[in-house]
Amino acid sequence: MLSFASDYTEGACEEILQKLAETNRESLPGYGMDRYCQSAARKIQEATGCPEAEVYFLVGGTQTNAVVISSILAPYEGVVAAQTGHVSIHEAGAIEYTGHKVLQLPEKDGKIDPADLQEYLQNFEADANHDHMVFPGMVYLSHPTEYGTLYSRKELQAISEICRSYEIPLYLDGARLGYGLAGEENDLSLSEIAHLCDVFYIGGTKVGAFCGEAVVFGEKNVPAHFITRIKQQGALLAKGRLLGIQFDVLFTDGLYERLGRHAVEMAAALKKGLKQRGYTFFRESPTNQQFVILENDRMEQIEKEVSVSFWERYDEDHTVVRFATSWATREADLEHLWEILDRIEAEREK
Amino acid sequence: MLSFASDYTEGACEEILQKLAETNRESLPGYGMDRYCQSAARKIQEATGCPEAEVYFLVGGTQTNAVVISSILAPYEGVVAAQTGHVSIHEAGAIEYTGHKVLQLPEKDGKIDPADLQEYLQNFEADANHDHMVFPGMVYLSHPTEYGTLYSRKELQAISEICRSYEIPLYLDGARLGYGLAGEENDLSLSEIAHLCDVFYIGGTKVGAFCGEAVVFGEKNVPAHFITRIKQQGALLAKGRLLGIQFDVLFTDGLYERLGRHAVEMAAALKKGLKQRGYTFFRESPTNQQFVILENDRMEQIEKEVSVSFWERYDEDHTVVRFATSWATREADLEHLWEILDRIEAEREK
Amino acid sequence: MLSFASDYTEGACEEILQKLAETNRESLPGYGMDRYCQSAARKIQEATGCPEAEVYFLVGGTQTNAVVISSILAPYEGVVAAQTGHVSIHEAGAIEYTGHKVLQLPEKDGKIDPADLQEYLQNFEADANHDHMVFPGMVYLSHPTEYGTLYSRKELQAISEICRSYEIPLYLDGARLGYGLAGEENDLSLSEIAHLCDVFYIGGTKVGAFCGEAVVFGEKNVPAHFITRIKQQGALLAKGRLLGIQFDVLFTDGLYERLGRHAVEMAAALKKGLKQRGYTFFRESPTNQQFVILENDRMEQIEKEVSVSFWERYDEDHTVVRFATSWATREADLEHLWEILDRIEAEREK
Amino acid sequence: MLSFASDYTEGACEEILQKLAETNRESLPGYGMDRYCQSAARKIQEATGCPEAEVYFLVGGTQTNAVVISSILAPYEGVVAAQTGHVSIHEAGAIEYTGHKVLQLPEKDGKIDPADLQEYLQNFEADANHDHMVFPGMVYLSHPTEYGTLYSRKELQAISEICRSYEIPLYLDGARLGYGLAGEENDLSLSEIAHLCDVFYIGGTKVGAFCGEAVVFGEKNVPAHFITRIKQQGALLAKGRLLGIQFDVLFTDGLYERLGRHAVEMAAALKKGLKQRGYTFFRESPTNQQFVILENDRMEQIEKEVSVSFWERYDEDHTVVRFATSWATREADLEHLWEILDRIEAEREK
């Protein structure tokens, strides 16, 4: 079935497959101590403009969030996130499972508004009872957000400054970072992100890899015994090579950027085609995820032929669904989509 | 200094002091196995109209919430609470520390609106991605709430019905239950509360005891090995007699009710006096906590002579403070308060 | 029934009862900010010879262990304890509940042998795989131990030196410290203990108080936001006065020492009387707990008239039971015991 | 460098590489809902003789242990394991991180002795204080063990019977199960293991896959909302296909067995060659891991040319090292090893 359900419906990009085959019989040490992990780390140091960066490879996004957040927070601290942040609602309580509260702020287009953050931190400091409250110990952003939106340079700078003035680390979840960097109107480079945040991760799973996320600590700020923390949370891959090789490939010859650009181009074409056909968008997204409001009966009809993702109930009669493109989307997929949608509309008009 | 800061500024009521002295040299088994705990449990069974109720005595409110909630929830579940609920903000993340999320609903006068609860549960069930979310496994109410407000019988019935239709236990935090039962316009009896909830606790610390909260499981629904859970969370008092004796006294000859009534009468007089003097109330409260909005400079002047509690910042120039009465408040305290306030106003007018 | 079951079968010493009554109507701030807590802390600073010591009052022993240990350990660390340590077996997994492993060493008379500790730490450091293991982050001793035994000055010095050479904090659980200080052949003063350990607690529950343990951090080494950690674990008593007043009394005019001495004198008389009557001791204890091996049928007969504690199965036909004296034991209790035991023996001989 | 360091030093077997390439562009649902996961599950049902078995695919061993154990245990329960069990010492406290104690039994050749288990459970039940202890809630075995040893059918039957009589689930960690099934003198079939245990996992990472472990619940005994538990612990792979495809291949045409057999044959040849050369074995192992005691200086010399694993310090002058074979070991590797060892010995004799 034609699928726009998500950006993790195919395997891995060809370059990765090929490299896995080429290196397969090399005998390498485990747990990320192999030369491909080292090579990938060096390439990421270069791409981020952080020659001192320490890079760790984990398997998936929720895992990465739980390991990074719980390793940085003190026991009496929580992580500040937008109420629509992935850690707030779609990780089955993975952060709370590590004993920490997610301190939720209102969302604006899926983002934290710097003014809301400033106000929250100010009020916390001023609250005479704050010893009985969870201390804000970290700020979590997703970029792109769960609604495909992006922080502008100005917004990220503002948030970064607030965090630094309160001495609170800033963490950016880049599960779809490749699609953000290629986003329409994006004005943030990978290096700027690296320098404005204290720690962030570059998503592989959704951008061309079988699995894998690269956590980047820019400035000698890795939590003590981080390898042991990773192990303790069941997140240390024995064959770390699987992650190292994939990121080594993604950060060779600009592949990561190319994959991102392709998906965003496909998304732009998707958006244009849907708008031309009169579909209503739930939010305006400049990246690879597009959110459309569908009448429930139309949705059911479409879902017989096209796989999309349920996002949320809109009202009694409407649902928000997500169409996602990815590095693997082909132009033929779009053509196929138009054919199906046009046929459905024609049938409905009868 | 004159204090209306809270309802836990004095020791214990005289009857408790006396009974502690009388029983002091009796040699009794530890950990709640003594005859005073048993006697208190029987009296609570009677007072709640639940002859089968199982009653456990814990030391404090946050502890009780953490032990009860974490013992009832499955690991993949969270507790639903108003965003102003004690477990949501003023327990330093005690619930998250046990690995569970507090699922926050909007508050209306500090309460959960049954319609909001219904909508939330319905949406959760309908959400196609809910396997990646925290399951609602319990509903938490405080009664009186953190703003001194009370659920009406109709409201509690509505919430209870919703919980039962979704098979989600309903838990009521009665830290100040004595003041709720005596509340102006209160229409809920202890027995009704006991039957509408699955578990609740009767607060002792704030209603005449040195410490102690009585957890009541009405219908053979105590979590397995609850004593071991209590022990595991450091909440099992070696000299359980200290709790048993206090509750035995509180539930003898209607003392608990009398203490509650006294505090609410004092609060009514307090409210009347403050209103007469033109003070602005932040919320309307029928119980022992009264919330007043003060100009910051007036607040500072008052606080030099009367201890009250900071509640929250109202705006740049105003602060919400709490005046609390208790079983220990005397009419003379009120007279003293009026004298101070009137003198301050006279000075300010100069 | 005559009871030697434990040292927490009576209420509190008379001096405490009286002071609670005297101070009952004083209006005091909550959460340990009252003047009795401050006064008690000052007296403990003096008694321990640590003028800079920071003192916190918690309610019970397991709670204190969980709060202190989890507040000091990093997430990747565990606490080293004897396999018979209270934290190892008799706290229902309270330490593991906070996410930390108890790293068990062999016990010798209930104690850790310095040589075993040295060897364990040395092997850990030398182990090439130790990044996949729990790091030793603290050493836990109980003094007196669970078998009533005491560390000699020489032993505690050796352990303290090892800990300092590995930069691992040393924590001493003094649930029965009063009975240890008064122990036969004891050569460790309170001040020496305070200086050899990084943190320890002075037990109140078992030495004359209704409840309460005083945690002493000797050298500006309190974990960050310790009050919030206490709150988060449900261990912050609203009416902190209850603890402050009790410790203020215990540390006035040498009361704590007197109570300890009395119990140990009673224990010496108990031991002597039991030995004269031919009872077999499981371990030799210089403090208030005495462990006796009884034939199961004799034990059953005794338990009909004297309450003692099951300690452990010795073999098919024998059980180890504990006789405990306390501050509350009277000479008449011993006389009563002899009368019962002698009668039982006379009956058995028939 | 020639490596016998572990069984996870190469990529994946050719058949897996090929299948990943073939299926790469298929658009498949995420999170294990794809047809390869389903197909692999069916093949495992067949191979285990459990047509009702429910099969879940996780990424790594420590992760699998943490997820399975924490999902089955009640909060007041711990898992019983040999003191040398992987969960006891080499998972960085992953089990304790989930709040549960590992209850350690003595090891005999890396195994739990049924008699020790029986005695422990009997004593626990008989202990009058067991409400203050961690309840045994599960028994954990590794098979092969960390020392390469195997439970005989008789031993596993005995342990299974004890577990069932105490109603405690039995869990078998099969990280190297393929090498166990092919082990010399092994008398346990996959189906017997499946029926004697309540849950177990079939290791992929160490037996030919890039990563992946297949958890098998034989009898409708999957913990409630297990997918949510997996997600909550960061263990739910977005591209579940990566695991499904690999296990589908491993369980096609007896590949898993062939890989196991090959490694054990290589290990037999390794063992024979080492014995002929006079090396001393630390333990006798019938599977792919061989433990040899080396003089420290000889070890250092060998490690310059052959990668082996440090296992433990033997004494001042000796170390235990592990030589591991795997599905990827070639006869040429052995020949290379003999050449190196013989040359080293010749040099040493000079």
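Every chain is named by a letter (A, B, C and D) in the order it is written, and numbering of its residues begins at 1.
Here, contacts are C-beta pairs under 8 Å (C-beta built on N, C-alpha and C of every residue); 3 or more make two chains touch, one makes a residue touch a chain.
Predicted model only: the values in this text are computed from it and were never measured.
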Compare the CA centroid of chain A with every other chain's and tell me the farthest one. C
Which of B-C and C-D has more C-beta contact pairs: B-C
So, what's the distance in Å between the C-alpha centres of chain C and chain A? 51
Whole-Å separation of chain centres (CA-atom averages), chain C against chain D: 42
Centroid from C-alpha atoms only, then distance chain B to chain C, rounded to Å. What do you get? 33
Sequence positions of chain D contacting 2 or more other chains: 75-76, 91-93, 97, 99, 131-133, 228-229, 231-232
Using the touch rule from the top, collect the residues of chain C that touch chain D in their complex. 75-76, 78, 89-93, 96-102, 104, 123, 126-129, 131-134, 310, 312-313
Per the touch rule above, chain C residues touching chain B in the complex are 1-3, 5-6, 8-12, 14, 17, 20-21, 23-30, 59-67, 91-94, 97, 205-206, 210-211, 228-229, 231-239, 241-242, 307, 328
Over in the complex, which chain D residues touch chain B? Could you list them? 70-71, 74-76, 99, 131-133, 135, 224-225, 227-229, 231-232
